[in-house]
Each structure stands twice: as C-alpha cells, then as structure tokens.
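Before I ask anything, here is the structure I am working with.
Which chain is which? They are A, B and C, in the order written, and residues in each are numbered from 1.
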Amino acid sequence: METLEKMTPKICLGGITKEYIAPRTGQRTLAIADVSLDVFQGEFLCIVGPSGCGKSTILNMIAGLARPSRGELVMDGKPIRDPGAERGVVFQDYALFPWKTVRENIEFGPRYRTAGPLSASERDRIVRHYIDLVSLTGAENKYPHELSGGMRQRCAFARALANEPEVLLMDEPFAALDAQTRLILQEELLRIWGEELPRAARKTVVFITHGIDEAVYLADRVAVMSNNPGHIKTIMTVDLPRPRRESLRATAEFQKLADAIWQLIRHEAYEATIDRH
Amino acid sequence: MSLHLRLRPFILPLLLLALWQIAAMAYAQTSRMPVPGDVLTMGWTLVSSGELPLALLQSLKRVLLGFACAASLALVVGTAMAAFEPIGRNLDPIVESFRPIAPIALLPLAILWFGTGTPAAAFIVGYAAFFPMLVNTIHGVRSIDQGVIRAARTLGVSRFTILRTVVLPGALPNLFVGARLALGVAWTSIIAAELAVGAKAGGGGSGGIGQMMFVFYAYSVDLSGIIVCMIGVGLVALIIDRGVRALEFWMLPWKR
Amino acid sequence: MAAQQDNGLTVQPARTAAQPGAATPGWPTSADQRIWTALGAVFIYLRSMAVFLVIWHLGSRWVGNAILLPSPIDSAEALVELFADGEIFDNVTASLSRLGVSFGLAIVLGVSLGFAMGMNRTIYAMVDPMVELLRPISGIAWIPLGMFILGVGEALPTAIMFYGAFFPIVINTVVGVQAVNPGLVQAARVLGVSQRAIVRHVIWPAALPNILVGARLGAGAGWMAMVAAELIGAPSGLGFAIEWYRELLMTPKVLAFVFIIGLLGYLLDRLLRGLQRRLTPWAQAGGGLT
C-alpha cells in the first residue's frame, strides 16, 4: 500500500464544497464542506457514512451529474464538468430502461454514445461477453420488470461495464437486495473487478455504501464521512489479503477494522435515527 | 422571480387578443367578426340583465339533477358489482356494451320519450355521468387493501360497519375522480343537448345556455353573444372542477 | 394540469379492473383451461345480453308503440336493411374519414406541442395559460361559432373533433414528458449518450404510455364531440343519420345507428388499447398504466 502515495492520483478532489440554495427563500445549506480525496488507478475505494452525509453527492460530482460550488475536481489532469463514457455509474435503484430488454440495456452505451459508438458486430461481441460475465445468459430478451432484484443489479452492472469505462462509480448498488443476494453479489463483484489482476489492469472503483462490513470486505481503502456538513473524517487502509473469500469476515482483523469504523460513526448514526423526524 | 418571468404567461394570450382586434378591424367592412371590445360590451349587457347567469343556472340545475340520479345509482350498482362477484360478472357485459355509446347519440331517443324540456336534458346528462361514476366506484371498491379489511374483521367488526367505515372511505378518492369526470362530461353533454334541441325544435322550450347560444346563432346572428356564452361555459366548467377538488381536499385530509 | 393527469391515469386501470372475465391467472393455466375460461366469458356475455334483450322485448310489448320503443326484432331488421341497401356504409365512411383526418392531425400537433412544452420551460410558461384558458370550453361549445365560420358541412365536425381530441393529447404528453424519471436520463447521460439519443430512446418511450392514454381519452372525447357536431350541423355522417330518422319517426333505424355509433366507439377504443399493448409492453407490469 505504501506505493499508493507515490503514484499520481486517477481522480483528485481538492477542497470540494457543495452548497444548495433554496429556490424561494434563498437560504443556503452546506451539504459538503472542503472534501479532499485522491483516488488511485486500480484501487477499490469505499465511502461510508451516516445517511445524509453527502456520500451520493460526491459520487454524482465525480460522475459529472452535479458540480461543486467550490473546489477542484480532476480526472487524469482534466477537470470533470459533464458525464462521460469513461466514468460508468451503477445507480442505487439501477435506473434500467423499462422499455429495453436486458440486451438492449447493456447495448445502450456502446450503441448510442457520442464518443466512438461501436459497429453492430462489435457490440454483439461485447454484449455477449458481459452478459456471460454477470451470468445473465438466457435472460437477454427479458424486460427489467421480469427480473429479480439480483438480476436487475447484474444487468445494471453489465450496462456500466459494457461501456468499458476506466472508472466505475457505484452508489449503494446492493442496498435494495436481501442479505443473501448481497453476499453473493459482493463476492462476484470482486471476481469481475479482477482481484487476481495486477493493479494497473483493474478498474478504479468508487463505491458508496452504508454497510461497514461491505466496505471492509470490498475496499482497499475506506473513507469515513461525517455529517453537518458532510466531510471526510478519516481514511482507513484495509490491509487484508486478496483474493478475499467469505471466510475473511470471521477473522479478528476484519472484525477489528469494522469495529473501528463503527466507533467513528455510531454516535452520528444514532443521532440520525432520532433527529430525522 | 424577475418581472420578465412573471409576465411570461400573459404574452401569448395578449398577443392573440391583439391579433384578433387587428384582424377584426381590417375586415370590419366585409364580415361580422366581433372585436374584443364588442364582446366585453355584450358580456356586460348579458350579465347585468341577468340573462346569462339565469341561463347558466338553468343548465347547471339540470346537470346537478342528472348527476345526482346517476351518481346514486352508480354508487349502489358499482358497490354491488365490485363486492359481489356474480353480480359484477353478469352486469359487466351490459355495462361494457352501453359505455361506448356517445350520450349525444341518445338525444333523438330522449326527445322522443321526454320531449324537449328538462327531463330529456337530465336523461342525457344522467347517461353521460353514470359510466365514469360507475367505473370509478367499481375500481375504488376493488382496489381497497384486503389487509385492511382483514384487520377490521379480526377486530370483530360487522360486515356492514366495514362497508361504512373501511370500504367507503377507502373508495372515496376514486369516487371523487369519478365525480369530477362525470360532472365534466355532464356539463359538456348538457350544452350539446340544449344546442341540438334548439337546432331541431326551433328554439322553443328548453332554455339553458346551449339554447341561448343557438338563439344567438340562428336568430340574432350575434357572434359576440356566442363568444360571451362560450366564456360562460368555460367558467362554469372551471368552477365545477375546482369545486369538486376543493371538496376532495376538505374531505380527504389523509390524502393531502 | 393535474386534472387531466388524474383523468388519464386513474380512469385507466378502472377500465381493466371492471372486467372480471379477464381475471388474473394466478396459476399457470394450460391452453385447454384458457379456452374454457374464454368460452365461459362468452357464455356469460351471451346470457346477460339475452336477458337484456328479453326485458327490452317485453318492455316494447308493454309500451305497444313502435315509434316510442320498437322491439329488438324491428331494430335488428332495420339494421339489416341499412346494411343491405348500403346506406350505413355511406354514413360510416363519412364519419370515419373525418375521424381519420382530425384524429391524425390532433395526434401529430398535440404530441409535438406536448413535447415542446414538456421539455422547454419557457414554452411551457407561455403556452400553458392558453391551454388552461381554452380547455374548459368543450368542443361542443364551439359548434355554434364553428357553424358560423365554417358553415354546415364537412369542415365543422372535423374541426370540432380535432379540438376535442387535441387537449387530452397535449396535456397527457406534457405530463408524460415531465414525469420521465430523471434517474433514467442521468443513466443515459453517464453512458455518454447524445441529447438526440436521449430524446429518442429515453424520453419518448418513457412518455409513450401517457401519450397513448391521452390518445384514448382524446379519441373518446373527440368521437362524442363529432357525433354532436354531425347531429347539429352536417349533411352526412352517423350523427346526421340518427337525427334524420328521428324526424321521420323511424325509431328502429335510429336505434340501428345508435348501435353502430356504440360499436365504432368500442372498436376505436379496442384498437387504441391493442396499440398500447403492442407499443408499450413494458408498461404492462402492473404499473397502473396499461
């Protein structure tokens, strides 16, 4: 992990602040204050924090769907302003196109993107590859409403991957799934991401979650966020060996890391359960 | 909001009004096209003489009469059809066969049966209002959460009380949708009925706003009169719609 | 705006729910079972209609006046006669050709305006007040003015039907375009897709169920307005025919034409529903928009 600090970051957030101004009253709310964070090539970064701490806002800004009020946001030395095919997003509610089949959903990016759309035969190859990769073979011609939650998640994942982005942004992708499906998909995510590959060949992942276990199990580093206004409290390095397997969760190191993170946010998480109503 | 944004909604209507005025002045010699000014004067005359409010009130009375009959019948039939499977199954073909018939198509029959007065108009209105009300009653009663009914039954409440305290309030939002649709169609068909009666029976007998429009068309050939009537028709339609909405807002506090 | 939205979206499921014949097949049914269910529905339909016809017949016997209430047999004979001498086809063709022109025009213009209003806030702010001013004035209220401007003839029923169909289509299109899930637009944007592709492949299909609801409502309202316009101010068409035979006191023929008007209204709605099923298969999943 020491090597990380010597590399140039893939994505660089420098002093990001996001303010919302209420349209009628003109009242300002500070959602995120002075967030600085470097994300390196090939790393798996998780962001955890209590509800409403601005995790998703940060992800949306990296995706180019929102812009920071202040601060700089750079990827590979170029400022991020708009969404682009090099940054794929998996949304919490999947946002699959209901009128397109699994295949058409996955094909959407390669077919209609402005930057280098693919020919029909190339698309066919890519779509087939990713359908197989996420084990949706046989469901290609189904509509999203015919799929189970887990299959929708797989489809959304394949749609983002098929566009072959350099960075994958995931916004609580497993939040809507039941506990068993979540465990299975976590392991599969690591497999598809390429735990066995050298770092340079892996995709860079920014993964938002409120599950501490999930974060520790998946991540190379965990950024712990805090509320009012949203800021990064600590960044923890998860030095657990890869490839990781289910059994890892039972180890003392795993538990120690998870507990350390929980201690950092439990007070605020508790407050959030009272304050919110 | 800036002044510019606030004025935006008025631009197009005012522009069209100005165009109308200019066109009317340009063709003043060759046509009977009224200018906005004429319409205003005419409107003032008709309102101050009480003719227009009276005609609108007459039509509205018929609408409410027809609607009241249709709605009570639809409530009973609809609840029965939704709550009792055999009734629903057997009446459904009849309902579905009559629903597509445009109410106006029955006007000639209504005239044959009831003459050209209020009963014929109320019949058409009732026919028009019946189906939206019925369909929404059925839908409302059917869409009630079965869990809530089961909960009421485990609390030891009688069937009739469940109908009154659970089913009816549960269906109320749909009943309001039905009432708004029904009154809308009813108001449209009363105009048609009165117009047609006026056109065919030569002006006599029926009264109401549709009749008044027809008289302006056929006898006085007064276009500004017709336009004033149209504005009146639109206003009443708006008032009916907003009225039902207000009632809905007031009666459904849990839906706000 | 919200008024028509309710109309569009709430009437809809009510209609499907009103057909116990199409009960939910909770269990996997074999082809045999499905045929039996269909036959059962047909049987119930025939039985109900038979009861109705018998009551009608007894009623006409009791009234004893063929002008006031002719028997179903007389009416059926009148219908056959109208078919035999081809008179019915002339009037049906007249009405349907008007319907085709006005409804086609209403869809093209209504959907275009609806998209412009739904996607551009300035256009919406400028045009919406106009729509809200004109909408409460029903198509039928335009008939006298229309007769004055267009005269008694072909143009009047066409124009009135266009007016009647136009507003439901515009309003439901606007609602459909504005209600497109922003998450889907974002999903397309992060895939690096062009604005044109977003309109074509995200906004258009997302708004389509609402547009089709608007088309069905518009067809219903327009059909009614057109029959009224024909009844008052046209030299041909179905509305004209019922009024013509009423004046001649030939009630069986009046009833025959009423039947045809109902049948065509029904077929029009069926056609549009079939279109809904074909064009928006994804909206069948119990989303309320069938």
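Throughout what follows, a residue touches a chain if its C-beta (ideal position, glycine included) is under 8 Å from a C-beta of that chain, and two chains touch if they have at least 3 such contacts.
The model shown is predicted, which means the values in this text are computed figures rather than measured ones.
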{"item": "Separation of subunit B from subunit A in steps, with touching chains one step apart", "value": "2"}
{"item": "Chain separated most widely from subunit C, comparing mean CA positions", "value": "A"}
{"item": "Winner on C-beta contact pairs when A-C is weighed against B-C", "value": "B-C"}
{"item": "Core chain by centroid distance, with centroids computed from Cα atoms only", "value": "C"}
{"item": "Cα-centroid distance, subunit A relative to subunit B, in whole angstrom", "value": "53"}
{"item": "Distance from the mean Cα position of subunit C to that of subunit A, given in whole angstrom", "value": "47"}
{"item": "Cα-centroid distance, subunit B relative to subunit C, in whole angstrom", "value": "18"}
{"item": "Interface residues, subunit A side, partner subunit C - complex", "value": "63-65, 82-89, 91, 93, 95-100, 108-109, 112-115, 143-146, 159-160, 163"}
{"item": "Subunit A contact footprint on subunit C (complex, rising order)", "value": "181, 183-184, 186-194, 197, 201-202, 205-206, 208, 280-283, 285, 287"}
{"item": "Touching residues (chain side subunit C, partner subunit B) in the complex", "value": "3, 6-7, 10-11, 13-15, 17-21, 44-45, 47-49, 52, 67-68, 122, 125-130, 133-134, 136-145, 147-148, 223-225, 227-228, 231-233, 238-239, 242-243, 245-247, 251, 254-255, 257-258, 261-263, 265-266, 269"}
{"item": "Complex contacts: residues of subunit B adjacent to subunit C", "value": "5, 8-13, 16, 85, 88-98, 100-109, 111-113, 132, 135-136, 138-139, 142-143, 174, 177, 180-181, 185, 187-189, 191-192, 195-196, 199-200, 213-214, 216-217, 223, 226-227, 229-231, 233-235, 237-238, 241, 245"}
